[in-house]
Amino acid sequence: MAFDSWQELIWMGGYGWYVWLAYGMTFLAIALLTIHGLLTRKKLRQLAVKKQQQQQRIARRKQQERNRSKLADDSTS
Amino acid sequence: MNNMSMWRLLTTVMRRDLAVALRRRSDVVNPLLFVVIVVTLFPLAVGPGPDILGRIATGVIWVAALLSSLLGSERLFRDDFLDGTLEQLVLSPAPLPLLAFGKVGVHWLLSGLPLVVLAPLCAMLLKLPIAGWGTLMLTLLVGTPILSAMTAIGAGLTVSLGRGGALLSLLLLPLFIPLLIFAAAAVENALLGTSAIGQVLLLTGLMLLTLLLAPFAVAAALRVSVN
Amino acid sequence: MWKWLHPYAKGEAAYRLLGHWQPWLSGLALILVSVGVIWGLLYAPADYQQGDSYRIIFIHVPSAMFAMGAYTGLAITAFIVLVWQIRTAEWAIAAIAPVGAVLTFISLFTGAVWGKPMWGTWWEWDARLTSQLILFFLYVGVLALYYAFNDSRTGAKAASILALVGVINVPIIHFSVYWWNSLHQGATITRFGDTLMPSSMKMPLYISILGFMFLTAALIVYRLRNEILKQELHRPWAMAQLGVENDHGV
Amino acid sequence: MSAVIEAKQLTSVRAERLLFSELSFQLQTGEILHVEGPNGAGKSTLLRIIAGLLEPLAGSIHLFGQPQWGDPECWRRQLLFIGHKPAVKAELSALENLHFQATLDGVTNVDAWALLETVGLLGLEDIPAQQLSAGQQRRIALARLWYSQASLWILDEPFTALDTYGIQLLHERFQHHLQQDGVIILTSHQPLTWSGDRLKKIRIEFQDDGELHE
């Protein structure tokens, strides 16, 4: 251990502000990059849900059309 | 394809570009006026004292040259892209890098070469000691072809975007830094009375390298852009 | 019948492969960076000249190294894009560039903060910082060009051309900037002669460098997987990966 | 009879939308292919793919049995592409445009005056193209057809902005080209006044669920 106490560690021989600023910013930047990745994934999931709903709507409409034409066939026959 | 017909295609592309440019003279003249105006602004901003003006003269002239090269970049491919000429160039039997080289050549003739001629005027306005004039012109002579070639790469990449102005400067200006450094240092050396031959040779080497490689990059960029 | 889907199927394979790597890369990155940084901050001795301010080196040097390393990776990927037209490589352009840009930013920021106690100024036109700044501009250019196009394929190709032009220029820029620096500053400030470092300082630095290597790789892989999902969202496998049941054709 | 051009299993996706898949066709000497379809269906994309301006997602194109990118120079000599952008320089006159274009097409002994007369631009040769009408500009672009030595013509909406006489003129030129064993691929919203089995048609439909799915 190069430091005897917490105070000394934070003080860093008078350079504490610079050292911790550098480390803090590094951590922040990497954290932001990671969070951005997570947010992207969340957005993708929302998009996927939207797409799924769209496909379900299309499928339902096609089903209805099929039923209707079937009904029409039945009534004419 | 034999050399004769390639040569003819190259000169045809160049003659056509020249003919078009000479009918739109304002497009050619405006970037040059821009340089003169920028140069005029500096004495007004930092004061007309010869010591400070003389110190910054080379830098100002060169930075103005870089910016004016960007200003004139639209002329390279914009109209060709809009009227369909670019498609025809891409489909031409001639190698596209060769045609790109021709277009870079015309751009240099109309934007780089006039800057060399304008240099003494700018040097005079900025009170650059006369010892540096020759070297300044020499650096512009070997440096502006690099400007034209690199600008063509950027213009080729952004031509299909329509609003490429700010983007283009973002892409290109960092790549111009070595040019700026060596050109300024050459003039500095000339002013100090030492030899500037090293830097000028270095710039010449850079120019040859750029002219050798850039046409291929321009061709690749244009192929992407006609998509 | 949909034979043409074949080239697209690679997206899924790439996604799965990267998925296998992801935990290892992230885990190693976390462990090694933690060890390197804590060792460097707590246990490494203070420098006899710079005191404790030198401890910034344990992030500054690795981030600067992999800022450059990522650009080399970007250029290699760009080459693959232009020559073999592999779609995963196209997506990798979008994944590598932001990570590289952030690493460059970190190295710039830590360099500036380190410079303040050393040189008494936040920004010194030191050769290393200046060329790092230019590298940052190159990254920004590639990103801006990529996102300027509506079509991601076109964007990836254009950005690839720019990255290759950039990588040819990087050595020239480095050379010119170092030369320029030697011209304008009689005495160059050397921060740390690597050879003079005692091993008690070197060890944590090496561990940190190794950690940043895995960190860079992990971040890139994570973004690349996101990018693959984004581009392949219309496919059932991608939707399944996101936990959305795809019942198309029901 | 050998196939002049053969397209195999072409598939194209633009902006994440499927335009056409597994499109194949074959043209023998003297045949004309009319690509039909509504706006935005991908007709221009198909033409650009055949011309070599775009790459298909899958599939291949052969000209005289040679693959498209085998010998690009030869390929481009055999091909004449006129897109809906006419490639006419607005600042230059009709005569200059013709002159430069002919040289770029590799034709040296072209009689520009005769060409101007053929396409009905005599007397307008000095005027910058930007002052001519859209139809007249198209005539400048189409004048290339009269000296072209390429065997494959790819024309995107060649009849646009032309008057009845111009259309008739173009038809005659097509007839001549086909008689000389040429091949034409074109898009047009106008019905072609063609009879006989020389005319082939393919139709590209607008895929309203052109989303990519299996």
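Letters A, B, C and D name the chains as they come in the text, with residue numbers starting at 1 for each one.
By our rule, a residue touches a chain if its C-beta (ideal position, glycine included) is under 8 Å from a C-beta of that chain, and two chains touch if they have at least 3 such contacts.
A quick map from chain label to UniProt name: A = Heme exporter protein D; B = Heme exporter protein B; C = Heme exporter protein C; D = Heme exporter protein A.
Since the structure is predicted, the reported quantities are computational estimates derived from the model, not experimental observations.
Student: In the chain contact graph, what is the shortest path length, in steps, from chain A (Heme exporter protein D) to chain C (Heme exporter protein C)?
Tutor: 1
Student: What chain pair has the highest count of contacting C-beta pairs?
Tutor: Ranked by contacting C-beta pairs, first place goes to A-C.
Student: Using mean CA coordinates as chain centres, what's the chain B (Heme exporter protein B)-chain C (Heme exporter protein C) distance in Å?
Tutor: Chain B (Heme exporter protein B) and chain C (Heme exporter protein C) have C-alpha centres separated by 32 Å.
Student: Centre to centre, by mean C-alpha position, how many angstrom separate chain A (Heme exporter protein D) and chain B (Heme exporter protein B)?
Tutor: Centres of chain A (Heme exporter protein D) and chain B (Heme exporter protein B) (C-alpha means) sit 45 Å apart.
Student: Distance-wise, how many Å sit between the C-alpha centres of chain A (Heme exporter protein D) and chain D (Heme exporter protein A), to the nearest whole number?
Tutor: The computed centroid separation for chain A (Heme exporter protein D) versus chain D (Heme exporter protein A) comes out at 47 Å.
Student: I'd like the Å distance between the centres of chain B (Heme exporter protein B) and chain D (Heme exporter protein A), where a centre is the mean of that chain's Cα atoms.
Tutor: One centre to the other, that is 37 Å.
Student: Quick one: which residues in chain B (Heme exporter protein B) touch 2 or more of the other chains?
Tutor: Residues 227 of chain B (Heme exporter protein B) touch two or more partner chains.
Student: Where in chain C (Heme exporter protein C) do residues touch two or more of the other chains?
Tutor: Counting only residues that touch two or more other chains, chain C (Heme exporter protein C) contributes 151, 234, 248.
Student: Which residues of chain C (Heme exporter protein C) touch chain A (Heme exporter protein D) in their complex?
Tutor: Counting only chain C (Heme exporter protein C), the residues touching chain A (Heme exporter protein D) are 37, 41-46, 51-53, 55-56, 59-60, 63, 98-99, 102, 105-106, 109-110, 113-114, 116-117, 215, 219, 222-223, 226, 229-230, 233-234, 238-239, 242-250.
Student: Report the residues of chain A (Heme exporter protein D) in contact with chain C (Heme exporter protein C) in the complex, numbered from low to high.
Tutor: Within the complex, chain A (Heme exporter protein D) contacts chain C (Heme exporter protein C) at residues 1-3, 9, 12-16, 18-19, 21-23, 25-26, 29-30, 32-34, 37, 40-41, 44-45, 47-49, 51-52, 55-56, 59.
Student: Going by the contact rule at the top, pick out the chain C (Heme exporter protein C) residues touching chain B (Heme exporter protein B) in the complex.
Tutor: So the residues of chain C (Heme exporter protein C) in touch with chain B (Heme exporter protein B) come to 82, 134, 137-138, 140-141, 144-145, 148-149, 151, 154, 157-158, 161-162, 164-166, 168-169, 172-173, 175-177, 179-180, 183.
Student: So in the complex, the part of chain B (Heme exporter protein B) that touches chain C (Heme exporter protein C) is made up of which residues?
Tutor: Chain B (Heme exporter protein B) reaches chain C (Heme exporter protein C) through residues 150, 153, 157-158, 160-161, 164, 167, 170-171, 173-175, 177-178, 181-182, 185, 206, 213, 217, 220-221, 224-225, 227.
Student: Given the complex with chain D (Heme exporter protein A), which residues does chain B (Heme exporter protein B) contribute to the contact?
Tutor: The touching residues are 1, 5, 8-9, 12-13, 15-16, 19-20, 23-24, 79, 82-85, 87-94, 226-227.
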